[in-house]
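The same chain A turns up in both complexes below, where it pairs with chain B and then with chain C.
What follows is the complex of A and B.
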């Protein structure tokens, strides 16, 4: 099993979510996050006061998957989250040891 | 070795059979009262048998031990699957040593019989002690009931131990109970209107009723509401029966002590007409309205009692202060109400036969934030529901409603208006969402509750305790036409209760009828309509568009059109998200909303001269203006409009533009045309003239000389060099308001100064000196920002500084002195902060860096 973590633009979230549902992904954890990579922040002046927007809003998706599905999910996220501009985000992959469904204590991929 | 309780083996199946029988009766229509009584009798009987058998097995007579029922079980309201609260009471420590091992065995046997036991053991002496951190135990003891064992101990507990200590603990327990009640109600957002309410713990739940019983008992009230025959108590009994039926139903349906009335169980309860005697079929939403009606009864009675008790706890000093305030207000204005103990109380009930007096009291609440007392509400409700009492002035006018909606605390008035049915009387469109449950994954409250909460979130911005509101507070303090914003919030979701596919369409239909009835002007109606139609747009833009992309901001600005609307729409969006549920407005969303507001606001102030009107492309506008000014030729109107910034259209209606055009046509006869109109608590001066040096400074100077405080101003010029300035000012000394005959003299003064027939300095002398002598309440640091990037033709200058009388005159004079021409001016104030943006040219070009530096020095010296 793998964990796919994707940090994406908030504006792309709806499209990414719809595309993932379309390929049969049902379990997604979504978090509103802030941060920056190469797309540093910027400064905005409003009514004489300077506001630095150095941590930009992003959406983080977390999906735990059977290994066989990982490539398809990554491809779907890439296709729908990409605008070609700095700030489109990143995808991280990591291995998952086990999963347990709390309701019936099923384990492994069948618990996903 | 002890004998085993073999005679209890038959008891298990008997209990199970009894439970089945009781469930069958309940499903067959037995009342909750009967069901609870039978469950209680089953528990009593089983407990007595087990208790007797266990003592027999131990070979003990049980001397020195008795068993009590506490809490809900003690008051004979035992719900299916609920805990049995039991107390083993020992006469002394010796008895405790002997019988304590019995508790665990007793509990185990009862568990095996299907009862959930929650037991405790105390000696008589321990019952005397007050456990400061365990008020719940003392409260449960208020409902104690003898079950089994040595009755003499129970008699002793009542007669000797608790009769003394209860008196001592009464005050402690009442205070604790009020604290626990406040905390409980706050946990549920202080509202009964949850989409999936907890029928035990939430406001309006059964806990409200029991808390009220305890409070009355602790306060020493003799009246027992359980048996009192008066009408209100009949309502209470019905409400308790209805909610008890639901709680039984929930416990049976879930097969556990779960009190959440979920959507699914609402549908099932409605299907079987749970708690309703008539045979009318109701859908889930209709049945839930019955729930809310009963919940309101219980919650209202509890809150009224809490309020009465809270009033008595106000210090003597505060009472004296309040009495002084009351004495002053009573004698000075002869009102039929007064403030007492931080509540508005009715002092002359007869006066309330005139509905205008009710509205006056509500306006006072909205203005001051002091709520009506529950007794006042009850008195108004009595008058409203007794048609035999002659009533006058039943219909509210828009100016009166506008005063309530536009005040600092509109929610403080709207809450009682909704409870009293006045809101629905004034806005019948609101009825469609009254107590309406709409199934939704995100919303927590009924639609009417959500709508009222939006308004309360806004009024909370006046003094925000919530960091989410930090950025929005200045907007709330300065936004114009709050009344229209609040009206839009009241109506924005009424479509959810109408038979339409899209609730926004329904809400707009509702506005049509409401606007006609209230006689809103076309401009007011258009503004409310815009807010309703676009109430989801800003949220959608924040969540689905890249708000850091300039094209997103440009597109959003095109929808919103002007700064004033942006302010109202931002506040509406902030409040609408916030009122969905307590977690809906995350810091992340609040920040995104704020970023879009700032970007759009800056877009408006920095892009005005990019987008100018070409009259020949504006056929629709030309037609609208010509409808208002039928005498005008198309060519003349085109000539007038050509070259104005597009913002001019965004901030003026076709009727206003037609009025401006009329002034424009008179320029040949008199080179300075002015018009003065009273607006909301202020005046608006419109001036048209051919452009000339220091024109803006001259007008600002005359206003300062007359003691007028300029709140906002716009200065635009068309392609032919005709300047149209609009100043919104507050008449600080009420000169024009109290002496309308001064208005012509005021206009003449402006014309004379602009035409150089009169000097400005003598007029200003003294006025400015007095203003400078005043120490400002809040210090605002001056900042000057030049921007050459936002406009192709002009240099933008943004000035933030301390507002004061004559400020605009000083700035305008400084600009004129170094030959800077004002192409566009946007003047605004935020409390004591002046925020002015000027589009400047010099010799028809942007300001050179040297000129900018010179101007910076001059202004810094002027504003220091």
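What follows is the complex of A and C.
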């Protein structure tokens, strides 16, 4: 099992989600987050006082998958989340030891 | 137009009064033969009837005027209250952080209640009772003698009750303006005590000196230094603005200021507040004519023009310096323009109103951005930068632009301001401004020392970090639990 963690632009979220549903992804967890990578924040000025806003709003998707599906999901996210500008985000892949369905205590891939 | 209608009415009335006399002639002729005396009596009766009818007509005309003026002035009183709540409360509330928004709005609201109580007990009397040079007296304490009969010293066509409630709304908003400088760090108990003392020590004497009968700065009452102040440039904006600066210096900076970012938390609230202030200001300035007349229209137009010009000039200054015109800049400019036009509204024409607003927008912008940054005081929401500076500019320019054409306050054909060639008026304005500055400065300093000893002024460090909404009022504006 693998975890796909994708941090993307909020403006691309709807398209990414729709594309993932289309390829049959069933479980997804979404969080609104703030952060920055190489993209720097912007400046705001209130009555002459400048504030630099470093942490920008992003959306984080977390999907746990059977190994076989990972490439397709990554490909889909790359295709739909890209605007080509700095700040498009990142995808992180990591191995998952186990998963447990709380309702009936099923384990492993069948619990996904 | 008015005089033509009046003349027609009079003519009709005279005719209708005369006809019965003529019609009575034949019926009286048989009696006439018995002697001359009764004919004299009937003629006297007729002229008596005529006089009575004239008197009645005069009374009815007066009643009609009073009704019109009273309707307008009651609406104006409500408009001025609207400036404090929700106008100022929203304007200031949006500019603070989310943890302090209720405390900010609560100060304005609490003043609506507190000053009203003080006003009813002795406040009105201290402002408008008696004819002293510096102070009012207790003539109208507990509103004694304040009823439906007009007080000709101030407003001869409206019930004194209306004048009283209208003036109260000014006394409410003036101290509320100061809370912009003490935002996010002053105790609620300290604020209430400060405002009570400030009302008695600074506002009431100042209102009496400028507007009260016998006041030494009163232009319409023949004061020693006649300061033109139509709706409160000195009484409201200089006193509150200068006191705000003293408070900001005395209290010290908020924790983290200026290193930590303290941006406004909700400019939408501020936006709505500023728009309500603009509308309410028509009651403030046009209402200061104290009648529904041409002077009110002059002041209404000047008010609107001043606000518009200042909104533009502040935005322009910002655009040039930052490359962008911000919403906060536009609304701050409008308020600065409204402040500056306040003393001038009933004395100047529309073009000078545009000029006053335009100058005020730029000066206040520089005060708020440059001047404050140089001196480093934490006038959190710019009560001094907008009200102190705007009020001062407005008061001085009133002396320049005031014209007898709009308000012959010194008598028919007598020059009023610089445009009329009466440049000494600018000197009087400067004297009035200087006096208001010193008076507010000294009074506020004494009050702050006193309050500091009694209740203390600043909240504790941990209370300030937690936010005043929770630490002082035990509630939150925006609850995270659904």
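Please note the rule applied: the second predicted complex is superposed on the first by the 110 of 112 C-alpha atoms of A that agree within 3 Å, B and C clash if a C-alpha of one lies under 4 Å from a C-alpha of the other, contacts with A are read in each partner's own complex, and residues count from 1 in each chain.
Going forward, contacts are C-beta pairs under 8 Å (C-beta built on N, C-alpha and C of every residue); 3 or more make two chains touch, one makes a residue touch a chain.
This is a predicted model, so every value here is computed, not measured.
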{"item": "Touching partner for A:45 - first (chain B), second (chain C), both, neither", "value": "both"}
{"item": "Partner chain in contact with A:82 - chain B first, chain C second, else both or neither", "value": "neither"}
{"item": "Touching partner for A:36 - first (chain B), second (chain C), both, neither", "value": "neither"}
{"item": "Touching partner for A:10 - first (chain B), second (chain C), both, neither", "value": "first"}
{"item": "A:101 touches, of chain B and chain C: first, second, both or neither?", "value": "neither"}
{"item": "Set of chain A residues, in rising order, touched by both chain B and chain C", "value": "44-49, 51"}
{"item": "Residue numbers on chain B that touch chain A, as the complex places them", "value": "542-548, 586, 588-589, 591-592, 595, 598-599, 601-602, 783, 785, 798, 800, 830, 833, 835"}
{"item": "Of all residues in chain C, those that touch chain A in their complex", "value": "258, 261, 263-264, 321-322, 324, 326, 328-329, 332, 365, 368-370, 372-373, 382"}
{"item": "Sites on chain A touched by chain B in the complex", "value": "9-11, 13-14, 32-34, 42, 44-49, 51, 53, 56-57, 83, 87"}
{"item": "For the chain A and chain C complex, residues of the former touching the latter", "value": "44-49, 51-52"}
